[in-house]
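Just below sit the structures, each encoded as structure tokens.
You will see two complexes here that share chain A, one where it goes with chain B and one where it goes with chain C.
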Partner chain A sequence: MAVTSFFFFVFLLFGFGLFYLSPGRFQWVTLLFLSLVFYHFAAWDFSILFLLLSAVLAYISSNILRVKRIAESSRAKGCVTAVAVIAVVGNVLLWFLLKGSSFWVTGTGILHRFLPSIPQIPALPIAGALGMGYYTAQVIGYILDCYWGNTEPQRNFLKLFLFVVFFPQLTVGPISRYSDLRCLYEKHRFSYDNMCFGCQRILWGVFKKLVVSDRVGIIINGIWADTATYTGFYPWIAVLLYPLQIYTDFSGCMDIILGAAELFDIHLAENFRNPFFSRSVQEFWQRWHITLGGWARDYVYYPVLKSRPVLAIGRWSKKRFKKNKRIAKLIPWAVGNGVLWFVMGFWHGSVQHILGVSVWFWTILLISEIFSPLSVRLVKVLEVNTESFSWHLFQSIRTYLVYAMGVVFFSAPGLRTAIGRYGIIFDAAKHLNPWIFFDGSVTKLGVTFADINLLIIGVFLLFAVAVLREKYGYARIWMQKQNLPFRWFVWLALFVIVLIYGLYGPGYDAATFIYEGF
Partner chain B sequence: MTREEVYERLNKVFQEVFDDDSITVNDDTTSDDIEDWDSFEHINLVVAVEEEFSFKIPMGKVVTMKNVGEMVDIIMETGK
Partner chain C sequence: MYIAEQGKLRRIMSFICFMCILWQLFLNLTYLFRNTNWYKLNIPIFRTEKENTIDVVLIGGSSVYEGWNPLQAYKEQGIISYNYSVASAPAATYIMAIQDIKETQSPRLFIIDVRKFCSIHWNTTMDGELRHIMDSQNINIKRLASIEYYRRLNDLSIKDALSEYIDLIYYHSNTEALTNKLNWQLSDNRLESNQTDVYFENGFYAGTSHTFMEQYCTQYPVSGRSVLQKAVKACYVDLLEYCQINKVPLLLIASPFAMTEDDAKELSCLEEIAREHDVPFFNMNKFYNDMRLDFHTDFVDTQHLNIYGASKFTSFLADYLNKNYDLPDHRGEPLFEIWDKKYEDYCKYETEEGLKLKSIINDKEQAIKDELTMRTSNNIAEWLFLASNSNMAMLMLRTELSDNILSEKSLMLLNGFGLKEDMLEGSSSYIGYYSGKSIFVSTEEQSYAGTIDKMWGPRDDIDYLISAINHPQVCVNGVNYYTDCNGGVFIVVLDINTGEIADLAIINVEANGELSIHHKLIEE
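For the complex of A and B:
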């Protein structure tokens, strides 16, 4: 059951009615029931067992931690650590069992080519569990929060299970903290504002996905499907449009999920904050997939930086480079960030994601860290006004390009294709064809002029909403202040655009969400 | 140890970590107020505070600390 399908919206309507008709004390039971129904229709039947196993592991371990934490003896403390480690490792192993196929298939495939005696291990004949990367991250966060004493372990197993399977966020996140989702178990009263905001947000998400993202996808797929014909600047069109596709796809899905949760008076964490306004790659990752970045910072980066080996490296580096504080800091920085980015790439689940996320962004950040004093000096010497619009624009375009070059790995179906695409991109000089931007050649890629115009309008709308969001926090807060006829006109116009121009229905199979596979 | 005494020593720690003698912090200071205070420097700061006040800040507090005021509360609870 895709979250853009008609079936999902009927299900949502049914769930909405059932939820507010349920007595307050049992509303969480209704949510659990709805989540299980959703899971039944959205994923293969037995994969729910993996979620159950994950929740059981979290439940048992967190409650052992609760009991053991009270004891003061060093033996009890050792036991607490052992329980937390076993629970975290157990969850990672479960995830790896479901997700790891691509690692061992690719890994053993490469080894097999050089050493034929090493057999290539085939993929498991299971399709993975829906949202495995997201719920595993949530469960690990919950266990560590219990271990660190930041949250009180949940004593009711079914309530904890609801935290794992809560249906709007199950497919593509956001990765929620247990402390932020305690509201799942509270009484909720129907609110007109929540209903309006929820529906508006869902509509905006559907617009992003069905009108913009899937249209951009047609152009990109058309180019990559026939790289012998589409040479020169065509691959660059695909490369430069892909961030737009992945953003409208992922953030569109997020809008639908956050809107759906809002209908139930549940406010999930935001995952995006205008990432393409970022002035650096570092800032980009604070605005893009925010909950994954926050999760990796708190549960991976901080513990790694504070671990004994990294602290020892820091002390050694401080002693070795006494005169150069920057170099002394750079070494532990590189180690800590190396682990952080490896986990970020590994979470995405394949060798090509490790290259596209871990290696690419770690290298870019390392280079910018090394050259930052030089660039600061250069900016001073050239008397650049760093607060000017033009400088901001230059920095944002630079960040966009860096991201676009990295996610080429994301757009390819396999590692070899991804590497091949870089070759094609840098081959553009051999087939210079700048006229394709003006002579209507792009309309041969499966889209018409009307589609291109619609895309331009869509991008303009996205930009306007992004600007409003930067200024008011939320575009809809601004919208709420407008007069009734204007508000209704905008929402109805958006609804009609989605209805007429959305790529759905017979003849169209709405593309699955890119981030659904994680 | 009074709050003032803690701040006197804490200011020196901040100045040393961020290499800036003009830094003075108060209860409401957050990472938004100091330009270089990112997640990496956050841990450098935590380690420097641990060394200065001879105690270990628990990982749970490292993650949840929201401002310098909370850091001072932790120091006053267990620091020396």
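For the complex of A and C:
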């Protein structure tokens, strides 16, 4: 059951009614029931055992932590650490076996090529659970929070299981913190505003996914499917459009999920905040997939920075580069960031993602950090007004381009294809064909001029909403201040556009989201 | 407190209003984007009929709207009727049709053509039949229930079911609809009959084409009873029981068609079940002679009557209704004066179309006579004239190159019939298909296969293959024809009305450049 399917919306309607008809203290049971029903329709039933196993690990470990924490002895403290490590490693291993198989299949494959005595290990013949990357991260966060004493462990296993299996966020996140989802167990009263906001957000998400993302996807897939024919500027079109596709796909899905949760008076963490308005790559990752970045920062980056080896590196670099404080600071920063980016890439579950996320962005950040004094000086020498719109625009375009170039790894089905695509992109200079923008060639990629016009309107709308969001926090807050006829007109028009121009129904497969596989 | 309550009430009202607008918008978009083929228009037009004015409603597929002429029935017997029929409307939707009719009309009699219960018409191809009738229905529970019933009855998989229930899912990409005036007129799923170019008066579509038919089943009643399919029987019994429970005045008919013995057996079976349920059953295929139905002139194809046939069928059935049912005679009533005017217009239309149809029939009859002349003619010009008639198709094959060159006179002769010199000169191989305006010629292709819609005969087409590979031959419906042409072109002439071979001939170029023709015995 994809979140853009008709059945999901019917399910949501049914769940919405059932939830508010349930007595307050049993509403969380209703949510658990709905989540299990959703799982039954969305994934292979048997795979729920993996969720159960993760939840059991988290439940047992967190409650051992609770009991042991009370004891003050050093032995108990050692036990607490051991339990936390075992629980975290157990979850990571489970994920690695089922979702991270690409690493050991590729790894043993390479080893086998050079050392034939080492056997090539195939992937396990079992499918991983739905949203395994997301809930594993949540569970690890929960265990670590319990270990650090940031949160009180949940004593009711079913309540903890609801935290893991909560249906709107199960497929593509966001990666929620336990402390943020305590509201799952509270009593919720029906709110007209929540209902309206939830529906509006779902509609906006469906627009992004079915009208914009899937249309852009047709162009991109058409180009990459026949790179022998589509040379010159074509691969560049695919490269430059892909961020738009992945953004509208992922953030559209997020809007549906956040809107669905809002119907139940549950406000999940935001995953996007106008990422293409970012002036730097660093800022970009504070606005893009925010919950993953936040999770990696809190559970990986900070602990790594505080770890003994990194502190030792810091002390060493301070001594070694006494005269150059910047370099002395840069080295531990680079190590900490290296681990952070590695985990971010690793979480995506394949070697190509490690290259596309970890290596690419870590390198870019390192370069920009190294050259930042130079760029500051250059800006001064050239007397650039850094507060002007044009400078902001330049920085945003630069960030977009950097992201677009890195994310080519995402768009490819495999590492070899991804590397091949870079070859095609840089080979484009030999086949320059600017006329394709004027002679209607683009319409041979499976889209019509009407589709292209629609995309332009769609991008304009996205931009307008993004501007309103920057200004008001949420575009809907601005919308709420408008007069009723205008509000109704906007929502009805959006409804009609989605209904007519959404790519759904027989012949279309809008069921999958790019970020659904993680 | 009061203000809070007032605010709450305002919100509820506003929510209800918004949802109503949303729903209406959804409905209008659904109707706007639907496929508006002419054969689906009967039902939207029915909705514009004045309420409770129709005494008889006929339900069925295309056999109904091409058979029963309400204007003629009015003129002859004073019956006010309407054809609630859509092409290929599945029998499983007839209960829904009755319910839909009863929303605006209170007919004294429902007539259902049972031919859709015969196995040959029990087609479950989703897009082909169910959509035809569902595309003209209002979005409501009845429609959903009927689709569900149809799917359950035919044990159809769940795949694409949603796009049947909510047809906007299927049609939303049909943005061409936005450019079509008719689609906009149908955006409330209602249509005035004068808003369409197609001749539709009270649901009658006048068939103005023709096919020579044969009476396949000559003995009736047939011996033996065929067993109806389980789903067919269930559907039929459900319909009869529904009408009994809801006291729907029902007459079952089987309108005339080129019935086979299997069809006849199934109709007998249906008649027996109807009798068991005390429902009158009128199989009009038993009364060809009483109707004066002529299989040679009165059919569009095996399943449909043309204007001649429709006139005879209507007259006969209207007379039957008059004798057996207490239906009021509305002639002369002010409310139906317009029907007199419409009938006058129809008569003019019928006369014009009838003359055209007569000419077509004469042409075809002449073509059959000409076949004899063609087979014995040695005059190349005369032969080409007869073979290039629109009732014939020429399948041509040459596999060797002739040494002789066409004379100027011969070339002009060929050109006169739309044929070119490459038929006899140039590349060593030549394959061609020639039928009236349609022509295919190739000196490069080594084979060509096609199908001709057979105009005469039961439910099959003429498949042919012209091949220059290995054993050069022309194959028609699995029968091979070949000959040694010695550089000439081998031509198989087919009568496309009958599917019969009209002539086998070889045209050669003589040493003097003149054309010669040699007839071959038809051989396999």
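Keep in mind that, in the parts below, the second predicted complex is superposed on the first by the 514 of 518 C-alpha atoms of A that agree within 3 Å, B and C clash if a C-alpha of one lies under 4 Å from a C-alpha of the other, contacts with A are read in each partner's own complex, and residues count from 1 in each chain.
We adopt the following convention: contacts are C-beta pairs under 8 Å (C-beta built on N, C-alpha and C of every residue); 3 or more make two chains touch, one makes a residue touch a chain.
For clarity, every value in this text was computed on a predicted model and none was experimentally measured.
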First, second, both or neither for A:Leu484, with chain B first and chain C second: second
Touching partner for A:Leu244 - first (chain B), second (chain C), both, neither: neither
Touching partner for A:Lys329 - first (chain B), second (chain C), both, neither: first
Chain B versus chain C as contact partner of A:Leu263, first or second or both or neither: neither
Which of chain B and chain C A:Leu311 touches, first, second, both or neither: first
Touched partner set for A:Ile500, first chain B, second chain C, both or neither: second
First, second, both or neither for A:Arg297, with chain B first and chain C second: first
Which of chain B and chain C A:Leu492 touches, first, second, both or neither: second
Contacting residues of chain A [partner chain C, same complex]: 6, 192, 450, 484, 488, 492, 495-496, 499-502, 504-507
Chain A-touching residues of chain C, taken from the complex the two chains share: 11, 14-15, 18, 21-22, 25-26, 29, 33, 160, 162-163, 166, 168-170, 172-173, 175
Touching residues (chain side chain A, partner chain B) in the complex: 145, 148-150, 282, 297-298, 301-303, 305-306, 311, 314, 325, 329, 333, 336-337
Chain A-facing residues of chain B, complex: 19, 38-40, 42-44, 46-47, 58-60, 62-64
